[in-house]
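Okay, so chain A shows up in both of these, paired with chain B first and chain C after.
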Partner chain A sequence: MSKVHVKICVGTTCFVMGASELQDLEKFLPDDLKDKVEISGAACLGLCRDENYGEAPFVTVDGEPLSNATVNAIVDKIREKL
Partner chain B sequence: MATANDANKVRRGLLIKLIKEYRKGTLRETIDRIPYQMRPKNDESSRCCIYKDRAVLKYRLMAMLGIGVETETDESKPLSEYYDDAEKREKPDSDILSVLDVACSHCITSRYLVTNACRGCFARPCTFNCPKNAIKVIDGQARIDYNLCIDCGKCTQVCPFHAIIRVPVPCEEACPVNAIRRDEKTDRQYIDFEACTSCGKCMTACPFGAILERSQIIDILNAIKAGKDVVAMVAPAIVGQFAGSLGQIASALKKAGFAKMVEVALGAEMTTEHEVKDFIDRMNDDGTLMTTSCCPAYVETVKRHVPEMLPFVSGAKTPMQYTAETVKQETPNAITVFIGPCVAKRKEASEDNNTDYVMTFEELGAMFAAYEIDVAGEPAIKLEHDVKGYARGFATSCGVSAAILEEMKKLHPEMDIPELKGNFINGLDKKAVKQLKLYAQGKLPGNFLEVMACEGGCVGGPCAIGQVRLATQAVKKLAEEPPK
Partner chain C sequence: MNDNNTFIEIEYCQNVKNGEEACGDDYKTVELEDEERLITVLSDGLGSGIKASLLAHMTTSMAMNFVSKNMEIVKSSEIIMDSLPVCDERKISYATFTVVDVIHQNRVRIIEMDNPHFIHIRNGRDIAHENTVLASSNWPDRKLVVTDLRVKPEDRIVFFTDGVSQAGLGHRPYKFGWRREGCLEFIQECLHNHPEMSSRDLSRAIVSRARSINPGNRCIDDITCGVIYFRKPRRLRLLTGPPFKEMHDHDFAAKLVDFTGKTIICGGTTAQIISRELGREIKTNLFMKNKGLPPTSDIEGVDLVTEGILTLTEAARCLENDVPATEMAPAIRTMLNLLIESDIIEFIVGTKVNEAHQDPSLPVDLEIRRNIIKKLVHFLEKKYRKKTTIEYI
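Moving on to the complex of A and B:
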């Protein structure tokens, strides 16, 4: 089974706006998702400089950008992709 | 301490906006509009209404301009005029924290509360076990008479339904020295600056974000704009605050307008050397105990609350003081800015002639974001000074002890070196303050005590942005790296 890829931006803007805490995402994932998700860090995705994209922190879930990311929002997005 | 929550996010977003506008040269014109932009009409409010949200934002901006909200005498004075005041001042304030009354929720001071899980049972152990007869059952529910209650908590222990809970006032609970209290007359929360050690714990603890810290960001931006030699003295805890190496951080700081970066670890080396010497002298001189001196919130705690400990505090200056001294010797015109995770350093700097300003990691992060500088995208530049690994380890709990042990090892074997029996206090709370008293009386073992006011050490500081566990790993890794 292919996994859902979550990339957490750890560029400076996202880091300051909360990505530093999102780095712990793995710990907060519900048990049923733990082996279905692959998490990695990413350099600045460039979204923080683009007015069209809402607010940092940004993550991408299977390539789809998510602004104002929180653990809950990411989990919801992952479920959507499964 | 960096924890994901809305109060932190709002504050950081606001800082970024403020710095962006400053950079464009438009802050004076736009600052009064910022609260309206952040809470536009029909927007959802996080407090009772958007009007209150806007009022709170206004005060937050005031604090970011470095102005104490309690100094307000004219409520209609616009932020643009406060901005003018900030531009004019020569020196930042030395009182640092303020309680923002409009944001304060005036948390209930009664510590015990009967919840509706109470079934008004037949046995009623709460009424029987209350030593003051403060609990009566009225209309099938236990009620506490707060005029009689002495906060002993017996009722919570005996209730079979766990229906009585303890409700803390978070800021009071967090303050190690009871410096934040309710004024009985006005019913307002206030900080007693005689008692306050500027540790910043109340600020992190308050879930309403009602404790504000006076920033010096405008003063720093002004100095940079005026083309002065502004030197960034970065605390050892900076590793792990940004994704990127020290060399990359140095480059990012240059891009932001700082003349150069100097590691405060440089001063930490000197602190260590002095502490080792101090320790050996004291022990040979039938001393009993020496404590560290580098944590300003700890030293303030001693001065204000445990004066009997003062003779045991090492005479070594702090890493910040040694670093600032070195920078001013090398470049007398330099403007020195200490950059760290600490609120208490603002207090320490206000008493140190060589340190001009203090900036927090949070503010530096906001500055990078506002300037669109991505640390990890910067080329690493070579650091000017070589610094020993152990000095970079100062930022974590036990880091200072480790540095001292390492420095002692290097002393000549023929020297008469007393054995170091070390202990540490990792985070000051009410209990630890009591412990300090016992140490001062010689009732606890050991001849060396490391004290850090923040749990985990500086990496757990109130204005850090990096996640504590990861930041600790990063600091330790760098401290263990062999010198190049």
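Moving on to the complex of A and C:
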């Protein structure tokens, strides 16, 4: 089964708005998701410059942008994708 | 300095005697741009601690003033010796000095009084020079040794206080201390293994070795070493910020191609533009611990890729406050190492403002990029004598 790919933006805006805590996402994933997710970083996803996407921090889950990202919101989105 | 000239890298490393707060050795460097002169002075005050520090500081200050104003050297040294306060315990006033006066990048005059004799290294060899010995009639024991020499690109001049040459004194195998010969051999070995070793690294290596020769790796005296390296300028180009107009993105990215020096990219968007324009993938080191700063990324052919404003602001803070490398975030340590090891630094600054950075709800104030770059340039020029240029795009 292919994994769900989570990309965390660590650009300036995202980082100061909370992405610094998302760097540890892997640790906070529920056990049943740990081997179903692949996490990587992005120098900048470029989403903060477009108001249509909402507010930082941004991640993408299988390419779908998620604004105001928190660990819980990311976990919910991952479950949606599975 | 233009591209064909030599960059003169002067760096010192100093370790204070164990148990003392103040260092009894002192050094000063002054650049007289109008005269194309660079003067550096090293002094070792009698004893250690505050008294020695005072003697050494007075000596470097006076020697620097006299030499830069071209005063007669015997007279100058008389004034220095007459002015130094007399030590209560030893009933004498005393401080050594070495003055290195570099004129027009290749003529050098070295004036020494009682410091270990300097070392001039060319192609791994210690070059011997004729010198003139002078003495004042008032102070016949204090001999001044004046050496005039010419240097070539890639030459180095190394000089130090007796904390280096007397390291290990009285302890096997250095019964008579490390001496100038021991230090010379060590320098030759370092340069054989690392022919492009910077003054900063060489001075640190010498001081660290001198210290390690002492029993218990202790500083039994103040240890100071200065190194002057006449080297071909090393270039670095730092790109930060998206160009004001997108139509310039390609030209901006092209600044990294065909550039032979080191390169740094600061900024997530900047990295994205370069990745897109050059077709090179960005890999972000998401799990890197970077002391509260965003992690670095990798782009093939680029020496360092960091986040922009936060990282640059922190780099400027560390430069301003001389923060020790051990206390720096890894990205800052790498960045400042690259900057300090370079001689000509070109900043290519994109001027487009990221509006998201101006959002008042952000938990931190983000400086305007141009202001941070100006700050960085200021410290690189004033503290490290780097030649810098800024191009806005």
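Going forward, the second predicted complex is superposed on the first by the 82 of 82 C-alpha atoms of A that agree within 3 Å, B and C clash if a C-alpha of one lies under 4 Å from a C-alpha of the other, contacts with A are read in each partner's own complex, and residues count from 1 in each chain.
Going forward, contacts are C-beta pairs under 8 Å (C-beta built on N, C-alpha and C of every residue); 3 or more make two chains touch, one makes a residue touch a chain.
Please read these numbers as outputs of a predicted model, since none were measured by experiment.
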item: Chain B versus chain C as contact partner of A:Glu21, first or second or both or neither; value: first
item: First (chain B), second (chain C), both or neither touched by A:Ile8; value: second
item: First, second, both or neither for A:Ser40, with chain B first and chain C second; value: second
item: Contacts of A:Cys48 with chain B and chain C, given as first, second, both or neither; value: both
item: Partner chain in contact with A:Thr70 - chain B first, chain C second, else both or neither; value: first
item: Shared chain A contacts, counted only where both chain B and chain C touch the same residue; value: 10-13, 15-17, 20, 23, 41, 43-44, 48-49, 56
item: Touch list for chain A against partner chain C, complex; value: 8-13, 15-17, 19-20, 23, 26, 39-44, 46, 48-49, 56
item: Residues of chain C defined as touching chain A within the complex; value: 267-269, 271-272, 282, 284-287, 292, 294-295, 297, 305, 307-310, 354-357, 359, 362-364, 366
item: List of chain A residues in touch with chain B within their complex; value: 10-13, 15-18, 20-24, 41, 43-44, 48-49, 55-56, 70-71
item: For the chain B and chain A complex, residues of the former touching the latter; value: 2-4, 8-9, 12-13, 16, 242-244, 252, 362, 365-366, 368-369, 372-377, 465-467, 469-470
